[in-house]
Amino acid sequence: MDTNGFFGNWGGAYIPEVLHQTFQELKEEYARCRKDPEFWQEYLTLMSTYSCRPTPLTHAENLSRHFGGADIYIKREDLNHTGAHKANNVMGQGLLVKRMGKKRVIAETGAGQHGMATATMAAKFGLDCTIYMGEEDVLRQRPNVFWMEKMGATVVPVTDGSQTLKDAINEAFRDWVTNVDDTHYVFGTACGPAPFPEMVSWFQSIIGIEAAEQIVKYHGKMPRRVYACVGGGSNAMGVFKRFLDEDDVELVGVEAGGHGADSGAHAIRLSSPDATPGVAQGYKTMFLQDNDGQMKQTHSVAAGLDYVGVSPILSDLWEQKKVRFESATDDEVMAALDLTMKLEGIIPALESSHAFAGAFKEVGKLSKEDAIIINQSGRGDKDIFTIAHAFEDPSWKKFIIDRGKEYSSN
Amino acid sequence: MQLEQQLQEKLETRDILLMTHIVLGYPSFEVNREVIRQMVNEGVDCIEMQIPFSEPMADGPVILKANQDSLAAGTTVEECFSFGAEMVQKHTIPFLFMTYYNIIFKYGEEAFFKRAAECGIRGFIVPDLPPEMGKTFLELADRYDIAPILIFAPTSTDDRMKQLSGYGRGFIYCVARRGVTGKKSDFDHDFDSYLARCRTATELPLAVGFGIQSKEDIDALKGKADMAVIGSRTIKLVATEGADAVGPFIAGLR
Amino acid sequence: MDTNGFFGNWGGAYIPEVLHQTFQELKEEYARCRKDPEFWQEYLTLMSTYSCRPTPLTHAENLSRHFGGADIYIKREDLNHTGAHKANNVMGQGLLVKRMGKKRVIAETGAGQHGMATATMAAKFGLDCTIYMGEEDVLRQRPNVFWMEKMGATVVPVTDGSQTLKDAINEAFRDWVTNVDDTHYVFGTACGPAPFPEMVSWFQSIIGIEAAEQIVKYHGKMPRRVYACVGGGSNAMGVFKRFLDEDDVELVGVEAGGHGADSGAHAIRLSSPDATPGVAQGYKTMFLQDNDGQMKQTHSVAAGLDYVGVSPILSDLWEQKKVRFESATDDEVMAALDLTMKLEGIIPALESSHAFAGAFKEVGKLSKEDAIIINQSGRGDKDIFTIAHAFEDPSWKKFIIDRGKEYSSN
Amino acid sequence: MQLEQQLQEKLETRDILLMTHIVLGYPSFEVNREVIRQMVNEGVDCIEMQIPFSEPMADGPVILKANQDSLAAGTTVEECFSFGAEMVQKHTIPFLFMTYYNIIFKYGEEAFFKRAAECGIRGFIVPDLPPEMGKTFLELADRYDIAPILIFAPTSTDDRMKQLSGYGRGFIYCVARRGVTGKKSDFDHDFDSYLARCRTATELPLAVGFGIQSKEDIDALKGKADMAVIGSRTIKLVATEGADAVGPFIAGLR
């Protein structure tokens, strides 16, 4: 990151003047934390006593055998407290908020995982908490909404625009400019104005640091490839960062192919020509936008990937060809999820299932001597309404109908 | 004539100027045309025309909805330019474009300046473009003689205001309070000392915006600021009572 | 355990003759595993690579401050893969099944957690899997049923008797006597015929072994008390075992008080006079039964505690006064859950919330110099239908009604 | 006269004996009475009367339901004793109690034996009480001269059978197959070698139960076993066709 917050051509901090001062303070505090080894130590202690770090690296023997190529290892971010990698970032920012003395946090959320993590952190750190969530995502991720509220957070459904992640981000910014003095905006992914992309990636880098140590321990050497799904890009940056300078490790980001790259209904920013450079939500990156610069509707079965932009750091790595980007369609994702449940007894989140789907297309062609790591960013429990729906499970439907009738009648 | 000069001249005869805000294409260019006619008739001194953007991060519910509805009706950047050119032709007051940076960036910064200059636009207000991010933007503004309107906020430090002032032309847009457009502001003691800080930091005229709704609000600004900005209030008025309500409303402000 | 499987007056193996031989083999294999240090090592490796062991011990600073007594530490079994301590037992038995060469597993489940864990293990180990679950519990724990099925297990709703855990156990035994040659019954708690109570406790003892080490590290000494909820007794045995010989550690088991100890609608076996010695489901313990020896209906808001019997090992420890037993009512449990979510950002399962409720009643009276451990046996996500229902959450109800209508209309 | 002796005597005139199974209180003691009358009339040699238990772990759907329905109708252990005593009075064939161990344990083992002996009950079948768990039970059986009926299963090893035989009295109940009561069994080659193993292991008469449904099944047992046990089949018959169907059915079995 240069002093203006750019990574190559990407990034920056395109923020309203009201926020200027608070960003100054944030950048200074962040810089202090990065220099202070005690801060990272405090972070590690928190993550190993409140969440479950280091998370395991699981050898997926059955999937490996099934595809007959490289050995598949799964980095288990699903085992974090609150069920996803989002906790890494949020707990880190929580420590920062404590240092800055702010009393309230706000956050946007798509899949609800970042909202869950933030509500959790707020409960633990005794902060007020408001979560913005697109109305469509409120419906897709209802259980998460329920838990956030039970943990004392206020969840505000956002009915503007496409009612998904980007709109929640806009709304969170509106809150922030209003309540900037006592409020910190816990940005949920490696996007937004600097220093967020770098800061979020820093907290998430714990994933790759652990994974590198673990793979060498189990597999004896570095992996051939590392796969991660890419929404905003935080879990991808988290697992990639440590491997960036390893020559023989190829990094693969898997974007949301939705109904297909040619369908117009997807969220592919880097692995298709649909996106162009733009500036929105406080930063410059590749956006899915029309010729006038208006953001397009995106689509993914995974709420957490259903987003118009992507981390500026990833746009830079894409431009530098240091990370390869692919996509997986909704259908490929459901199939990958199904296979992973059946063969390994592991339920990846729909977001994470994109990384699995991406890896499954290629792993058979790799040598048996090699290993790959798939970053399982979260667990699929939160997606039960979407997954049960997508699989058209008849007994689930009957159960919901019966419950609905019961509730209607009293 | 440069925007600042133009405003300074007006200030010689008026104790406070009025700037109004419209969202282009909302509810339609037809209505925009009529609203602007009435505003000019009633002596508005300057009009900022917002080119709608899908992600108006700094705007409150009224203007947000106006942006969305305008886009839903199919408004394009090209139409905004044509309409801008038409207004400049028709009326003598200065017209500005307000928009978010992506509209400019995506059009091509230089192309955008060129086109706007051809249309006779006098200034740009871009709430998400701090000067640190606007090196080429500021150069082009200079080259095409379009005033880059910079923004002060209550959270800006004195040093920051000085720095911003150095980049600004035309006037400084002082955001009356924290928050987005549309909500009422308190013009209290804190506000006065904020405005005093603004005044100290710059020689440029001071426009105050965000939440100005009535004659009282404007009277309260007299002697402290040079221009009052009426934004959401008239947009809401048009939406609820139609374009014809604008003339009388503006007339009642002074 | 004596050679007949008794702990003092309790336990034994009251099994049909058809199962005699398979129990012989099971006992022999289990004895071999206990003697083989490599087995435990293999178990530890599995649990640290597939699940998230060691699970953290979390210092609940806010709850501690709130009650103003001893420091509260929470042992985080909720962070296990599949969300509960049940995984410890199941993975251990999975290794045993592999050694015995059986191709199919069956299990009973109440809360669904043991079923989830077994279905997961079966997927990972490539075994056929059938899960028996009382019809009432199928309704209470619908999401778990869905996931079990997605992992390839057959879930059989049991409509006999009270349609809860005990009936699922009977039905699993019926399957076992039929398919004894290729099938292992993965018993889910420290009950049933010997060697299950001891074997399950052995696998679960990993909880207490870790917790003891952790509390000494964080608190500097042994805890004053350890709290666990008691359904069948496996998580309680798991956390208690290591502390049994520590003189100054008091062990407290919290049973399901349901609508109250005097209501007849509860599942209190040891901390009220309602239960009497009996023999059922293959073992001798304190059962909730009538004068003729017929089992009574039990009630708890927590499916996993809604059971007539209790671990014979716990009956023995109760008789020896080595463990104190208390109960918490449904209402107390919901309040404890609510407080824990709000203050710590942690969502205990309804079962586990009993341990919290039990501890909350007493912790304020302990010295600030002391610490207590609460065993959080599982996470509450699985209970969303029960918890949202119990809190009468209006937006949840609306959500379900709308979904139900949507499903009805097509 | 001891149960074994009684059966051996009958075996002198019959090539195979018949034992039937009823669940006490299901559908009612009234019907039990009538069913037993018809069974005895048609020459059944021995009857096992099941005292219902809420957790009949070794029983299949038919008998499970019978247990539950009987309990739901309020059947008590005391009623079962009275009814047993009445049957012993009324009929000359031996009557046994079949039940799960908790019924005995909860009543008090010795009290249960004493009461059963007073009623004239000749044997107990307790499917969840292996001899290892039944030390006091076996002593009391001896003391009260009530035959403890032990069970062989296809999974029992030769050694195990010998051991069981050592504890058994009256006869050995050979479970025809793995599984619970009620489903049809195959009386195939494997079954024959199982029965041969049983025969080698014990001097006691061999009763074969689980899934015997017809004359053919019984014929197939002749020469290999001493007694055929009809369980679920007649219980189902009573449920579907009434008590009066029992006599003709039994008559047709030999």
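Per-chain numbering from 1; labels A, B, C and D assigned in written order.
Here is the rule we go by: a contact is a pair of C-beta atoms (placed from the backbone, for glycine too) under 8 Å apart; a residue touches a chain by one contact, two chains touch by 3 or more.
These numbers were taken from a predicted model, which means no experiment stands behind them.
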*What chain lies farthest away from chain A once each centre is taken as the mean of the Cα atoms?*
D
*Calculate how many whole Å lie between the centre of chain B and the centre of chain D, each centre taken as the average of the chain's C-alpha atoms.*
97
*Averaged over CA atoms, how far is the centre of chain A from the centre of chain B? Could you give it in whole Å?*
37
*asked:* How many angstrom lie between the centres of chain A and chain C, each centre taken as the mean Cα position?
replied: 33
*In angstrom, rounded to a whole number, how far apart do the mean CA points of chain A and chain D lie?*
65
*Using the contact definition from the top, classify how the chains connect: line, ring, star, complete or other.*
line
*Every pair of chains that touch: which are they?*
A-B, A-C, C-D
*Note which residues of chain D are touching chain C in the complex, please.*
53-60, 64, 68, 71, 76-77, 100-103, 105-107, 127-130, 132-133, 150-157, 160, 164, 175, 178-180
*Within the complex, which stretch of chain C touches chain D?*
4, 12-22, 160-161, 166, 170, 173-174, 177-181, 276-282, 284, 287, 289, 291-295
*In their complex, what parts of chain A are in touch with chain C?*
48-52, 55-59, 62, 76, 79-81, 83, 119-124, 126, 139, 142-143, 145-147, 149-152, 218, 338, 341-347, 381-382, 384-385, 387-388, 391, 393, 395-397, 399-405, 407-408
